[in-house]
Structures are given as structure tokens and as C-alpha cells.
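Input: one structure, supplied below.
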Amino acid sequence: MPKQLNTALLQIAGKTSGALIELNNVTKQYPNQPVAAVQNFSMTVQPGELIMFVGPSGCGKTTTMKMINRIIEPTSGSISIDGRDVLSLDPSELRRHIGYVIQQIGLFPHMTIAENIGVVPKLLNWSKDKTADRVHELLTTVGLEPGDFAHRYPKQLSGGQQQRVGVARALAADPPVMLMDEPFGATDPITREKLQAEFLRLQASIGKTIIFVTHDFDEAVRLGDRIAVLSNRSQIEQFDTPANILANPANDYVSSFIGLGTAIKRLVLIPVTAARLGPASAASKGGTTVRTTDSLRDALDSLVLTGLPALAVVDELNKAVGSISVDQISAVLGAEVPILTPTAEA
Amino acid sequence: MVFPTATSATPVVRSRTARRSDEIWSIKRFMTPAVVLLVLVALFVGLSNMTLDSIESRTLNADYIIARVREHLGLTVVASALVAVLAIPTGILLSRTRSRTLKAIVLGIANVGQATPAVGVIILLAILWQTGYFTALVGLVVYSFLPVLRNTMIGLQQVDENVRESAFGMGMTQNQVLFRIELPLAVPVILAGLRTSLVFCVGVATIATFINAGGLGDMIVNGLKLQRYPVLVTGAVLVACIALLIDWVAATAEDVMRPRGT
Amino acid sequence: MTLDLNGLLAFWARRWDDILELLGEHLTVVVVALAIAMVIGVGVGMLVWDKPLPRSAVIAAAGVALTIPSLALLALLIPAVGLGWTPTVIALVMYSLLPIVRNTIVGLREVSPAIMESALGMGMTPLTVLLRVQLPMAWPIILTGVRVAAQLTIGVAAIAAYVAGPGLGQFIFQGLSSLGSKNALNFALTGTLGVVLLALVVDAAFVGVTRSTTSRGLRA
């Protein structure tokens, strides 16, 4: 590899927490296909942003993402990371500095969990000790006890545990950029919610630039800093924050994609404290409480589940600060409200 | 005695080419006969340009060669037909029995049988009984019996349990399920066994010459003994061509007779 | 002629050294042929597994070799390489190629697209993927092919004695040539039983080899 390219890679590699990604007029045209899979896609992603690509299957969202690490080669256009032209770098070298997680996880069945996580460090010629330390650290980060899990094989893990290893493996060499293709798509709803919450907490501390592909709009609302709603040929119908998309869908396509229940989806983004709370004494007896850090969606869930007219709201010290009822939640949706930043809360 | 492994007991995966009926008669299909024809023409041209001595011309003439080919094919076809008539019904009967031990014993014998060298079986038969055509025939039948038997049993066993259950659920009797569901679905596996046994037979018929049962093996053995390589090569090439053609015919039959939709 | 058990035991006692030597030769020629066939078969499989045309050409060619009767194949080799070990090893290698090449190709192709993609996505070069991911995952399947080849070649090697090849076949043909004498049955039976025994022992050995050389993560 020519020297200046090597330097370019080192600059991408040296930066571990978030890089600027720019896609400019990127097009993918397969031979013998009448229309392009992706046409003139342009987007700028700021360092540390978590961008969600949402769209129906076949709309080209995955193709677009896979061109960033050149699993799919673009037909035309340019892609750069921190100003370095991705297409002029050696693809294998490039990919060692971009984390990659796919829905099927793709753990190597013949390697232990530790070996799986250590693949990229080994490709980068890290020392054994450094790799071992990193594996230990990452397993702890994703909530798997290293002593227990490092020497197991993938088939001995549950789906959720495997997906955690998949994320740990992608983070192994501390890449500035992560690409995630429906990473939680194959897990059951309860596990998925848990993984999403853990993932948000993780991202809050590592601040990677992440492109996250999903077909689940709720997941996009829950996780994304910004959401790109895509239609055929990966056309951007709207690219904005979850709150803005929910409040002002750009067109009918976006509205239909959001579907019914816009109000309830918006509740995810609004903290309980944004509501005008009733007196603590109004709360029904029953022990179920809502935390001040919860969203209104959590509060509504609890109200529906318990069937009680009002629930107590408690602070971090478990001290009641007020009560909340369905009427008070409705009142919030009718007014201008402050919006939660999703990365800061889950 | 060498055979294409085609039973599900040996997990070698058979290539899945030429499955659909429109693919059965593709150009690829005629590669084997074309190559065989080319080889035979080359052999003929080579021999006609050669001056043969008296020993060579005694064997390298049409009458002698046709007689040997006829013996070879006769032995192969009769043995294979006997095997089909004997081994398939035995396989069906065995798969009807509920005794797992009996099945295990038979499959165990089949596996040990496969480890037995054909040349050993033929020569032992000659020593214990007699030399000649009938001994060779018995040897061939004994030897090719096992692959067909085993494939019949495996073919019937591998029918999807859900298919079998839904057939019973529709009110079919044991025999109806056997003849209308299980056997048709087992046809590809049974045919693969027959194909194996045919190719087997061509090979074992070659070594039948050791016990004076004729066939093209005579030419190989005589050519070797008398140091007449044209004779040896002619015999070997003819046997190889017959084996390839028989395998080709069997493969074509397999594809034609495979139940639609599988 | 009928079997005389005491005679057979006496024959074994008298010929023990010969029996062991032929058994050793038989095993050696099979192991040598399998080793050569593995290098060629796995190598060729790695070269063609992802190229449809060469792939079917290789499998077809190996299939032809396996269809040709062993005596004919051995005979065809004699004018070119003479008698003895050489034609035997070449013939055994040719018979071994189909199961080994075919299983190598199947094994390399069987690795799921998800695993291939995540390997490439992590920055492995295609060669690294082949050597560190596909080959280890295909290993049990390749070994199964070698195991099938071993069973085949142990039997074929018995015929090779006719072209002055090594191994237990020599006893079988000695039985044939002494047809009528009282030792004929002892020779042929000893040779045949020796081959069966060798085949069963080698097959059992493969179970052990497969277990000890396959990643624990791949075992059922």
C-alpha cells in the first residue's frame, strides 16, 4: 500500500471515538438490473452520531450501509471518513477499523468467544497480553462474566448472549465507526428491549459514529440521534431527529411508515417530569411507582398494566414527588414539550 | 469393486446437477458418451496403424473382443438383475420388521461387507467351491447385494415422518403407505444403490478372469502375462468405457425416474 | 475344500512375521496414497470451490477415475510406470481424489454467507477467510471424505498385488495360485480377513482422529 494511504488509515484508526462520514452521490447499479439499487445517495454524519436507516425491505438501506465498508462496491460517487477517501484504501485494511455487526451475528463456530473477539486485534498484530486484556474488558462491558464466557463456544450461548459477543467483537479494536445491520432483529422482544437499553448506555460512554439499519420504526425512535426514512433506491424521504419526524412527517410516505400510534411513539421521547404532576397524595395505593427518569411511555405502560387511575412518581431516592394519570399524559401531547435526547436516556 | 458412494450412510454429498426434467437432456448430459466415443475411435485408429504379431492378432480381432465384451456384459447384467430382484424385496421386508436389533445387525453386516475386498471374496469362493462362470456370478451377487439392500432400507427410512403420519392420518393402510408414498419417495435412493451395484459389477466382472470366468479381464491378464501391452491396453480401455457408459445410463435413468418435485 | 481351524492357527503361527509385514505394507501404501491425495485434493478444492466451471470439471474428472475398474486402471498404468509400488500408489491416489475433492468443495461452500460476510467485514482478506475460517469449519467434512477414501483404497490395494504391488493381496493371490493345495484356503482367508480387519481398525481410528482434530465448537 502506498505510504500516504497508510497514513490515511492510521488517522482513521487513531481516532477511536467518532469520525465524520460523508457520502456524496453514491450509486449502486447492478448489472442486468433495470433500476439502480441505490441512486445518488448523499449524507453527512457528524462524529459520535447514531444514525438510523429505516425503510421497508428491499429499499436499499442495507446496500447503502455496506458500501461504507465496501462489502458492496459503489458504482459511482464518493465516500469518505474524516476526509479520507474510503474507495482508495485497501478494503481489508479499511474494514479492520470499522466495526461491523450483522443480524445473523456470524460468530465463528470453531473459535471460542475470546478467540472470536480477538480476531481483529490478531489481524492488527496486537500482542497476546494486550488482546487478552481487551477481550476481558469488552466481555465485562457487554455484561458477560469473562471467567465464565471467554472459553465457551458460540453454540453454548443464547441468542442474546451471542449478539452481545457480536457487538463486543465489532468493538474489539476500538474503531471510530460502527456499521450495524438489524443487529437485534433476530432476538425475541424482551431480549431485544434489553439489548437496546444496554446498547444506548454503551454508546453514551463510547460515542462512536454509528450507522444502524432497521426496518422497525419504534427501534429507530428509541435509539437514533437522527433517522433517515428511506424509500426505493435508497431515496431519503426525511432525515431528522425522531421527535421532528414524529411531529412533522415530511410527506405521506413518511406518515404511512410511522403508521398509527404516532402519539404513543412520541411518548418514548418525553420524560415523566415534562407532565404537570398531580399531588403525591393522589397516587393509588398498590406499590407500583414511576421514576422521574422514566419516559411518559413507561408511565402509560404502568398505568395500563395496573389498571390504576394514578401512580406515584418517585425520585432517585425513592421519595414520592407527585403522581401521574392518563389525563396528565394526554395534556402533555397537546402542548409544546421539551424532548429527551435519546442517547442520554433509555 | 470401486463404486460411487451414493448412500446417505456415507455423508459424501452427491452433486445436484441435472435435476429438473428440462435439464436432463442438456449438452452436459452427452459429454460422457462423446468422450467414450472419442477414446474408442482413438483406440481403433491406434490399433489399425500397428503391426500385430501372431499372439496379438489372436486376441485383437473383432470376434474375440465381441465375445469377451458379451461375457463381461452378460455377467454384469445378470448379476445386477438378480441383485435387484433379491435385494430390494429383502430391504422392504427388513424395513417392515419392528426389530431394531435385526436392522442393526443387517446394516452392521453391510458395513463389514463393504470393507471386504472383492478379489478376496471371488478367490475364496473359487477355492471353497469351484472356478468358472457360476462362481463369479455368485460372487458378484453377494458383493453387490449389500449396497442395494442398504440403500433400500435407508431410502424407506428417510421418508419424512410427517409425510408418513399424514398418509396414515388420511386413512391409508400400511401397504398403501408403502406402495403409494414410501416406495416412490425412496426411488432415487434405491436407484442410486442399483447404480452403485452396476458399476461394482463391471469392476468385479473384470477380476472374474482370475477364476476362469471370462470377460475383458482375460485381455488384461493375458496382455500382462505375455508382455503384450496393446492387448492389455485394449482390454483396460474397453472395461473403462463400459463402466463409464453403464454409469452414464444409470445416472440418466436415475434422473428420468426421479419422482417429480424432488 | 473345507476349513481346518487348527490348520489355520498353525498357519498363522508359522507365518506370523509375513502376515505382520504384509499388513504393514498394506497400511503404508494406503497412508502414503491418502497423504498425497489429501495434498492434491484439498489443494485443488481450495482453488476451485468458488468457480462453478472448474469446480464441476474437477468433480467430473475425479468421478471418471473412480468409475474405472481398479484392475483396468492398474493395467493402464503399467506400460507407463511399470509394476510394483508406483502404479499402486498412483491408482490409489486417483481413487481417493473424488471423495476428498468433493467433500473439500462441499465443506468450503457450506460456510454460511453470514459467517463469510462477517469475516470479510472484520477485515480478513479472502485468503485469510479461506485458511482461518472456511478450512477449519470444513475440516470434519474433509476428514469424512478421507475416511471414505481410506475404505476404498484398502480394498483396491488388495488387487494391486496382481501387478506386484505391496500388501495383503499377495496372500490372496498366493491362495489362487496354489489352488488345490492345502494351504490355498489359509492364504486367501488370511489375506482377506487381514484386509477386513485393517479396514475396520482404520475406520475406528478415523473416529478418534476426527474427534481430536475438530474444534469443540463444531462438535454436535
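Read from first to last, the chains carry the letters A, B and C; within each, the first residue is number 1.
What we mean here is this: a contact is a pair of C-beta atoms (placed from the backbone, for glycine too) under 8 Å apart; a residue touches a chain by one contact, two chains touch by 3 or more.
As the structure is a prediction and not an experimental result, all values here were calculated from the model.
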Which neighbours do chain B and chain C have in common? none
Specify the chain with the shortest distance from its C-alpha centroid to the centroid of every protein C-alpha atom present. C
Please name the chain that ends up farthest from chain B once chain centres are defined by their CA atoms averaged. A
Computed distance of Cα centres, chain C from chain B, in Å: 20
From the C-alpha centre of chain A to that of chain C, how far is it in Å? 53
Distance in whole angstrom between the CA centres of chain A and chain B is 60
Which residues of chain B touch chain C in the complex? 1-5, 10-13, 15, 17, 31, 112, 114-121, 123-124, 126-128, 131, 199, 202-203, 206-207, 210-211, 217, 220, 223-224, 229, 232-233, 235-237, 239-240, 243-244, 247
For chain C, which residues count as touching chain B in their complex? 1-2, 56, 59-60, 63-64, 66-73, 75-76, 78-79, 95, 98-99, 102-103, 106, 141, 144-145, 148, 151-152, 154-156, 158-159, 162-163, 169, 172-173, 175-176, 179, 184-185, 188-189, 191-192, 195-196, 199-200, 203
Mind listing the chain A positions that touch chain C in their complex? 69, 71, 92-98, 100, 102-112, 119-120, 123, 153-155, 169-170, 179
Which bits of chain C are touching chain A when the two form their complex? 112, 114-115, 117-125, 128, 133, 136-137, 215-218
